[in-house]
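Which chain is which? They are A, B, C and D, in the order written, and residues in each are numbered from 1.
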Amino acid sequence: MLSWLDANALSMLNGVALAAVLFLIAVGLSLVFGTMDVLNLAHGAVSLTGAYIGVAFLERDTTIPLFVTAVLAAAAFGMVAGVVLAAMTSSVGDHLRQALLTLGVALIAGDVLREIFGADVESVSAPASLAGAVSVFGRPYPLYRLVIIGISAAIAVVLYIVLERTRVGALVRATVADRAMVEAIGVRTNLVLGGVFGAGAALAAIGGLLAAPILGAQPGLDDTVLLLALVVVVVGGLGSLRGALVGALLVGQVQTLGVALASEYASFLLFAAMAIVLLTRPRGLLPAKTGAHG
Amino acid sequence: MTGEELEPILRLEGLTLRYGALTAVDHVDLSIREGARHALIGPNGAGKSSLFSVVAGAVRATEGRVILGGKDISSLNESGRARVGLVRTFQHSSLFLGVSVLDNVRLAVERAHGRPKRPWPMPRTDRVITEKAMSHLGAVGLVDRCNALCGALSHGERRQLEVAMVLACDPRLVLFDEPTAGMSAAETQRFSELVESLPAEITTVVVEHDLDVVFRLADRVSVLAAGRLIADGSPDEVRADAAVKEAYLGKPRSAEPLFGGIS
Amino acid sequence: MSVSSVPFRRRPRRLVPVTIGAASILLLAACGGGSISEGNGGEESEGPVKIGLSVPLSGVYAALGEDMTQGFELYLDENDGQLGGRDIEVVKADEGESPQTGVPATSKLVTQNDVSAVVGIVNSATALGLKDTFVQSEVPLIIANAGADELTDDASPYIWRTSFTNGQVGAALGAAVAEELGDKEVFLMAADYAAGHESVDGFRETFTEAGGSIAGEAFTPFGTTSDWQPFLSKVRSSGAGAVYVFYAGAEAVNFVKQYDSFGIGDSAQLYGAGFLTEGGVLEAQGAAAEGVRTSLHYSHLLDTDRNAEFVEAYQAAYDEVPTVYAVQAYDAAAALDLALEDAESTDGAGIADALANVGDIDSPRGTWSFDEDHNPDQPYYLREVQKADGGLANVVLEELTQ
Amino acid sequence: MMRSKAQPRPSAADRTGASASTGGGRRHLPRPVLVSRVALGLALLVLAALPLFLAPYPIGLAGRILAFALLVVSVDLLTGVTGMPTLGQVAYFGTGAYAAGLVGIHMDSSAVLQLLVGSAAAALLALLTGAVAVRTSGIVFLMVTLAIGELVHRFADSFAPVGASNGLAGIPPISILPGGEPLELAGFIYWWVLAVFLLGMAVATLVVKSPLGRSMRGVRDGEKRLHALGQQTYPVKLAAYTIAGGLAGAAGTAWVAQTRFFSPGDLGFDVAAFALLSVVLGGAGTLWGPVIGAFVVILVRDWLSAYVDGRGALMLGVLFVVAVYTLPRGIAGARWRKPLRRPRRTSP
């Protein structure tokens, strides 16, 4: 048992690092679906744009202040993109037409990104001071991945506090539960919804940027990211913060520990796992208590 | 299928529904004779909806039995109960909005008389189905609207359509869930007439807020409070029942007049 | 009563879309001609010879497509837009990412644009999907990248290849690695698709023949693997002294970076098919790629006069160093040049016949010729990523003997 | 249809909201029905005549459109008619295509045989996978079908007998009957594809007009209500799923009859997404709308993109965005008012 743990501890840690990135990207998708009932297929494109912002900002020998600037730029871009998408989708009610619209936007965005940044694989370097390896379980482990886990955990905690403990969060939750009621007490729900969409997209862009030193940036990555985020969100439960977290952790482990243990079936693991979860718990592992469900 | 005259069409035996610690329906025993016009009333939160769901089969009872015409149907789900003749309506009329009025009824007729899963059309058989459906529409006065999309109907018309669909199921007993909620006075009037005109062999059970309707439609009334059956009798008996008054009025300061509309 | 007074409103709408649909198809008939009688592509005609260039302009392989276009166009520019003394008209098509778009787009060149030959094709599946079309239409396809072994299985007179076969690239490295490693074992790893398997099989064959032994192997899900740590753990626990891999594109970047950041490079030298560190990929890998050794039929640092001349011209034209992909397309143009010089006719069959007799091609990669299967019989080089002229580059260590 | 009755004549048309007249005694077809039948006949005539004047490339394009359109129709049977949005039909499309290809390589080049085997294999797989998939609904169903599609895709990608990632090549040209003359010319192959398409459309049309079709629309509009009528919805959904799977399989055989090649890329996520979006673009619920949707999508992706080097995706993106705002109910729901407004005639 101990030797098993020893052999697979790194895989599990890696799964957590992957989960950290996936959580950041997926949580926005999930919240937007929960509050606005919008299935945003342009989410992957927003995330990829975040990665390309990294490409634009970060040359070799990145410093931490520069990195922080890039993160802020990605967040700002995501915020704007989210608000624009919120405005675009506000008049489109039906999920399938939202899918048509947002996938159209994603296709356009993908083409524009390729035009600007070219078709080559681009890489983003982590800040030089975080680029090294540290010893974990007696083996070298990339420090940057530990940092990502830390950042992601911090964001998750902040999100939890904002959503559960503040007035803004109460407003968001109330909007999820009953939009008409919130409107009746004089709140402009469009602002709330635009804010959620913006915040969700900002998180996706940040997630894309943080993942860029590991995954790089290239055309087609947006689809991969979108699919993974969809799986995370659906497995975890649509519209729920904790669901996105649990879904990300599960997908992270399936993609690392699962692959390590059953490498000959590696290609099938992710979707097989999703199918099993959905067939046994159709609403996901930790569904939101309120809100719209498709 | 006992054929005994005394056997009630519907018998509830010790029906109980619990959600964890909460008991929504508490050992309800009730018999409804064939052809009755029965009403189920009770103050808000009395467990009417829960009892309704358990009888209709939407929710499985924690304890107790539901017996229809002498046959224990406790283990049947909603569609199973509908097939043996216990048909329900919905509080918010839920119809097939995207298809025509006629098709709504045809769906019901087909289940009862046709082969609803046959994947190819058979003009002759389908015509028979259509004629049956049209006759049910005739019974509720919606013939003119047969080709309209169901979604284009008014609220009252939808209720009429729902009755036509229920009729098409060849019901022995129909459960109406607050049928007149949201109806205008005229619509309520029309609907009441419609229910009154149902064939005598069809038993009806109405769960209703509007006590006007209840006392007009029902020849027997059961009163539910806190999940228990507290009264069961003719409208007059129930009206006079002290326990009912208390259940409805609760504390004296409640201003809600009991049976305000009737005097 | 009049029927027309019946208020049917919706039905008539059905008419128009149907008519529009039919009319649009009719519009396509502009180029008319019918499709139920015999007729081959690549008809001999007056004016310039039409050559199709089908490379990915979109999707994940677009970078390769760009290099190939540049290589092909450079050769044309160097020869005043002529091949074999004849004017050339290039018709481009977007191969895209998969056969779903690549096959129809390329077929169009043959069946619609009547080109005399087609150059390009990155994706092996697309090439396989196209093979029948070319053979049937009697138009030669000069594959300038796709490496599937089975493409040239039957040496069809219409299928030629100026690039490589996946097996060859791996096989070229086997003996050299076996010699280098001595009694240490090698771990094999590749993306889990045909190219990966063929490459690994090619390597394994020559490597074990030369006395090497295998520590283990792993095939990673193609296109969805972002994290190699589980596989790298296997490498570590296998105690292998070296690793041979086949990866390309984004996977190559991520793999090499992770190989470096998990510190496996200290105990196991990384070998691979040359695509692992070729072109834009190497730039993205950065320092992580330093020391990686690969086999390939080209490096822009190849020290020959012919190559120096080519690199200079390429840099002057496009302000970047040429990649193997550019050379493959450049050589496809060269092969066409030689063929057209001798060709009796400029239709597909004429060019195909002439291709069989082009003999040696003097290329930046060294002199090569088509073998009996129509694959290039060419030198392979052992390359190592080193710092060179201000950046990282694939320095040629030696020519690999086979 | 010809029956005359004193009471209003129920219209046989599905989803037709037009109110019937209260008049009686019509013995001939109502004019609009006549018009749409003429239009249908005209369209068929044009489709059938295409090989006479289209060159091999456009005829191949037309054939691909028809095969893809049949796949789209199968998606629509689930998405538009039954209310179960799916990304999984590519799995059955691929099954049909691979089965037909394998039959062609190892057994016989008869297209009829390939069609039968391909559709049957696809329907069988649909029955088996549908048995679990149709227990879910809405977005969850969408994701489960996505998983089915991706799993079959991954399987094909690594399964050597179907050529793994390189695809299944070397499929001999089809002949109509076993041992018949192989069809090499694009025009003849197109006619076979057209025949499969029309057959598929006929099956879809019959199903939609059948009691099962009614039940399927019932599932879409109120599954709970159907349940309350005593109808078990699971068999309805499973039957719809199986039939749609068989149709997708038939589409796959038609596809492979033309391309004589099939690779995992042909059943990827993008194909699944485009098939679903063609339904939305065309107008979910009608059968002909999605066919037009498929026509537009393939035309833009394969034909128009040839004129805008590498910009096919961009064109599609723009098309999708514009369509959402200009065609709120899809192409089928668009108001084609001007050209078709019935001339106001005074009664004689």
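Criterion: contacts are C-beta pairs under 8 Å (C-beta built on N, C-alpha and C of every residue); 3 or more make two chains touch, one makes a residue touch a chain.
All figures in this text were calculated on a predicted structure; none of them were measured in a lab.
> Using only the chains other than chain C, in their current positions, what clusters of touching chains do you get?
Ignoring chain C, everything left is still one piece.
> Please find the two chains that have the most C-beta pairs touching each other.
Looking at every pair of chains, the most contacts join C-D.
> For chain A, which other chain has the most distant CA centre?
Comparing chain centres, B lies farthest from chain A.
> When the centre of a chain is set as the mean of its C-alpha atoms, what distance in Å lies between chain B and chain C?
From the centre of chain B to the centre of chain C is 71 Å.
> Which integer distance in Å separates the CA centroid of chain A from that of chain B?
48
> Measuring centre to centre with CA averages, how many angstrom lie between chain A and chain C?
Result: the chain centres lie 34 Å from each other.
> With chain centres defined as C-alpha means, what is the inter-centre distance between chain B and chain D in Å?
That gives a centre separation of 41 Å.
> Could you say which residues in chain A touch two or more other chains, in rising order?
Residues 111, 267 of chain A touch two or more partner chains.
> Provide the list of chain B residues touching at least two other chains, using ranges where the numbers run on.
none
> Could you list the positions in chain C whose residues touch two or more of the other chains?
58, 62, 97, 192, 221-222
> For each chain, which other chains does it touch, given as pairs?
Final set of chain pairs in contact is A-C, A-D, B-D, C-D.
> Can you check the complex and tell me which residues of chain D touch chain C?
13, 16-21, 23, 26, 28, 30-33, 35-36, 39-40, 42-43, 46-47, 50-62, 64, 154, 157-158, 163-167, 169-170, 184-188, 190, 259-261, 263-266, 268, 270-271, 288-289, 291-292, 295, 299, 301-303, 305-306, 309-313, 331-332, 334-336, 339-340, 342-343, 345, 347-348
> What residues on chain B touch chain D, complex-wise?
That would be residues 56, 77-83, 87-90, 94-100, 102-103, 106-108, 110-112, 114-121, 126-127, 129-130, 133-134, 138, 143-150, 152, 165, 169 of chain B.
> Looking at the complex, which residues from chain C come into contact with chain D?
By the definition above, chain C touches chain D via 1-22, 24-26, 28-29, 31-39, 56-58, 62, 92-94, 96-101, 103-105, 107-108, 111-112, 123-126, 128-132, 136, 148, 150, 192-195, 197, 221-222.
> Which chain C residues qualify as touching chain A in the complex?
Residues of chain C touching chain A: 58-63, 65-66, 97, 192, 218-227, 229-231, 233-234, 237, 249-250, 252-254, 257-258, 261-263, 279-281, 283-286.
> Would you tell me which residues of chain A are touching chain D in their complex?
39, 92, 95-97, 99-101, 103-111, 223, 227, 230-231, 234, 238, 267-268, 271-272, 274-275, 278-279, 282-283, 293-294
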